[in-house]
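Shared between the two complexes below is chain A, which has chain B as its partner in the first and chain C in the second.
Our next item is the complex of A and B:
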């Protein structure tokens, strides 16, 4: 369970250092059992908190409270809940806005930073990465302040450009997908910029020089040479962010608490599932929604593993 | 022409830098001012250190030192879970890299899939499972799920399968080392940077996690700081005027809330500083041209 975009970057760096150390693993001919005792202590965790919850959620989703198989009836019931459509619509609008922001700004900034490598670019990368320290509830609190015209350093912007004079106007329901996308972008974009910048650095110098000699300008090099070469990293970012976006929970939960109930506590799909289970004890329908979300996460994970080639499964 | 494109380059990057940094600056400065000054003075002006102390006194006396309790809880959950992660994930990665036993591929694939899946996707299934086991409200229902950290296994596996000099292992075995002694005295010390990486990411992931503890814990005395912050938010009259007159004896206003948010990040920064060397090597692994 890790939401860090840096995973494959770190894995690749680890691997590369290892290979430079000069000893790629020799073919293993002996000791079939040798590694097994070392893996045993980890297995209960993998099973109890990785595999079993999924199996249990799926079982619940397809059975009645009495444990009888009921086909898709829980999915239909949950889907028929008056809050279901809204919750999924909210989450998809939010995810779409966030993905567009990531694709335009993260890719754009990474390419810009890479076009003029200098001391300044390292500083910019660091500044962009800083908000990563304030993930979770902390980032939401920061932005609740930023969106309150009474105290915000962006007061003028809020009042004159967005016409927002009171906090309640700032968090009006129609604004929320954009606000949550902005918060997610604020905390996460820096990490992705570091990742894409690293990927850009792996493009061989010769290619760029050849393109330059052929008369390609900075724009052409960025868009026609560099961008295609970091394609799989961009794909990884988009797929992972899509899956993460659909899981939205903490942001609307906190805004619900700061809004005097203007924003429902069933704003996102995960919130709705949680409330169904927690407040109404409708566990089977809650499981059905969480299976919907689980399937999105699983498809994304499988796509990333099989299509981007960023993760090494076996040698 | 060149000058203007260079100027534009800087302009765009600086505008984004402001977007990323100004909120942090504001947060650092807010506790130095009283609530009223936050509204009236320049948002990025400095108040006084005296106000920070006052804000801390208010925050600390909120619900009889509840804030301290949240920080302690977070430390307890994140540290004990990370200790289990180090004890289980590093050996597991080693074992997966070393052996060719049956089921190895299944373990690797499952680890990889769960690692890439968004963490939140598993929270509700885990909640339902723990609920069926009547473990809701028990601190173990936070610590044990936190202790499952597939990324740690994967990164150790990658490290050992690509950079472990097998001849050294063979030599140790010929000299009479048991499998465990070989791991303990040779393989584990070699993987120090990987241990630091896993330590950092596991700790931060646990520290910042909101959804799981929110779902499985019962009382606010058990909350970790992230959930505590939301509790505090709903007691701040600036965002929730309803609580203003509700018999609240301790003033939790915006400076207190900002200080609470700021202090909640400090442990992450401390762990960052401690694991920095390994981290920078990992983070910037691909960022320097060779």
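Our next item is the complex of A and C:
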């Protein structure tokens, strides 16, 4: 896929702007070093809380409790657990629902915001972002109240539209992937809307003007000009969201406790890993599940990166 | 293209890190109110020898409490002591601190309920891995906790019999001690006994002209009558996580029986199980036994407080607090009736829910203070049955039962003295129900209660329940027999 400009006017405008993209290799290297101070404060945290635990997890996953190499035995044992299939099925349904919602609504809302550049836009941006300011656990608690007809401000909606009269009905097993996707969307989407809005602002005005001169309407501009130009940002959002989606933990864990056990404590794959590790002391199998998630996340990332040309600089 | 290749590295590292974090990133659920403490200084274990006998007599925190425990020893405990308790036991720990200024206490509260909370497992695993950090004493609301605590890989529970001495432990009922005995060693001591009785709203029963049922069948017949004559009133709840303990334990249904070593019998097709399921099904259907928990806001709103629609309820001794504090049933209405009998079967058996145990750590560096604290908590602490600093259950320690029961007798909240039925039921707990290392109550919640909420019948859910229990048992290393 490549960004083929729509019209001659746009092509000209793109050529004008595009000149800046290519730079000699030497300067590019310098630029990389200049970036170092910016990433340096994060680097120790990345190593201590990201890279080292990952290496530890991989080591555990391929060894026995005595530290002997055991090949894929831990993966087989974890995969044979009676909760394994359910946990991964839950997580995939949830991730699919959530990603589709993210792609459609986040991109849609960002495009709408951008096409109506006015003072109201800033207000909306702020409103969208607000729920994201709540920490994960707090936002789950907000939703626990929202979903309980006894205390919910949306009681009428719950009772008359969804036929839910008790909290236990609201969190029936079939509803859970959608509920968790809703919570995740509500807390996470605002941040991405702001990010995509920023990306849209990077699209040069000339392009939009040129498109308008060529007779493109708001719809055409949004779908055929703006959307292709923020494609990489959308890809970036999907990669990160996919990884966090498959690692779902806080939401089902809190709902498990709040629902007095109605939701199993092994609802998601990450919860199963947690239970295997701490209830049964099967740390190696728990690590194997973590590595499963790692591999799934990597495959998804590779697919998205290659399909969208996320890191291509020179098109 | 070079640039593209070079950028792969950070992306991979980021993706790896995101996935690699999965086991460490979200450990946010443990809810200890204070950070896990450092282990007590080793030196403190010698302290009792040099500490002055500070308190002339074992003090009781609330003067109103009618306590004169014969076994209350003069405490010479001192040094550091870290205790983990649930919110209900917090006043107890605080009172011990006030009465023992020589003991430097670190009190941590945690979510120790029976709904599958894994805080303790998590913490003990981590302390074991770290080789330090263990608390000296733990109180758990989950009666099956000591079973796993006493075994590999946890190996946490110390010998309680040795810590308290036989002269003290012999004051507990034999069934209670049996429950705390794992592989021949007494590894815990029950704070309270929690036999099920029939809680009855005397005011409503009189108003409706009903007589208090003596058998499960009479109780169920009344449930049918209530549903027709007084719809909206309930004769219990079927949505508790401990629902199986409430109903099936009482009727000797072998859901966790014949435990020996790593073997367990789970037989949902046993007639004791199926007949109870058939008895409950029409009641769940007609709304007189709703699949809600008494602890849910929904239940309290619909049936508690001024709505006052709980006619009867099968529940444990500590439901004193449920009616008084959780449901806020008006004063002068509730009392108890003896545990229900199945038809004409004798002897009458009942279930038990809770009766939380105290456990001392094997790793404690201050065993004297740890034992003293457990002794004080179980044999001295305020036996007032209700109120802000109450002991919410019938004390396991024999000599404290009298004061606790007389506290019930004199309390004007009750329509009639609930004590005698509770005392009688304490010796009727069916001994064929064994405690296991895996949490069985969440299995009931997420296989049975969710089904009941969706309108399925209990009888139709029993096979799935049996299967799920079997899987939980096998995952914990048990061999399961189904007949």
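One rule holds in what follows: the second predicted complex is superposed on the first by the 243 of 315 C-alpha atoms of A that agree within 3 Å, B and C clash if a C-alpha of one lies under 4 Å from a C-alpha of the other, contacts with A are read in each partner's own complex, and residues count from 1 in each chain.
Everything below uses one rule, namely that a contact is a pair of C-beta atoms (placed from the backbone, for glycine too) under 8 Å apart; a residue touches a chain by one contact, two chains touch by 3 or more.
It should be emphasised that the depicted structure is a prediction, and the values quoted were computed from it without experimental measurement.
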In the superposition, chain B vs chain C on chain A residues touched: B
Once chain A of both complexes is superposed, is A:169 in touch with chain B (first), chain C (second), both, or neither? second
Answer with first, second, both or neither: which of chain B and chain C does A:240 touch in the superposed model? both
Figure out whether A:81 sits in contact with chain B (first) or chain C (second), or with both, or with neither. second
Please indicate which partner A:257 is in contact with in the superposed arrangement: first for chain B, second for chain C, both, or neither. both
Would you sort A:210 into first (chain B), second (chain C), both or neither based on which partner it touches? neither
So, does A:89 touch the first partner chain B, the second partner chain C, both, or neither? neither
So, does A:156 touch the first partner chain B, the second partner chain C, both, or neither? neither
Does the superposition put A:280 against chain B (first), chain C (second), both, or neither? second
Taking the superposition as given, does A:146 touch the first partner, chain B, the second, chain C, both, or neither? first
Once the two structures are fitted together, what part of chain A is touched by chain B and by chain C alike? 25, 28, 46, 49-51, 53-54, 57, 136-137, 148, 150-151, 167, 240, 243-244, 247, 249-250, 253-254, 257, 260, 270, 273-274, 277-278, 286-287, 290, 293-294, 296-298, 301, 305, 311-314
Residue positions on chain A within touch of chain B in the complex are 1-4, 6-7, 9-19, 21, 23-26, 28, 31-39, 41-43, 45-46, 48-54, 56-57, 60, 105, 109, 112-113, 115-116, 120, 124, 127-128, 130-131, 133-138, 141-146, 148, 150-155, 167, 186, 189-190, 194, 197-199, 201-202, 205, 240, 243-244, 246-247, 249-250, 253-254, 257-258, 260, 270, 273-274, 277-278, 283, 286-287, 289-290, 293-294, 296-298, 300-302, 304-305, 311-315
Which residues, counting only chain B, touch chain A once they are in their complex? 6, 9-10, 12-13, 16-17, 19-27, 30, 38-39, 43-44, 84, 87-89, 91-92, 94-101, 104-105, 107-129, 131-132, 144-145, 147-151, 153-155, 158-159, 161-167, 179, 183, 194, 197, 201, 204-205, 208-211, 214-215, 226-227, 229-230, 233-234, 238-242, 254, 257-258, 261, 264-265, 268-269, 272, 281-289
Spell out the part of chain C that touches chain A in their complex, as residue ranges. 1-4, 7-8, 11-13, 15-29, 111, 115-118, 121-122, 125-126, 153-154, 239-241, 291-293, 295-298, 301, 441-442, 444-446, 449-450, 453-454, 471, 474-476
Chain A - residues contacting chain C, complex: 25, 28, 46, 49-51, 53-55, 57-58, 81-83, 136-137, 148-151, 166-169, 172-173, 239-240, 243-244, 247, 249-250, 253-254, 256-257, 259-265, 270, 273-275, 277-281, 286-287, 290, 293-298, 301, 305, 311-314
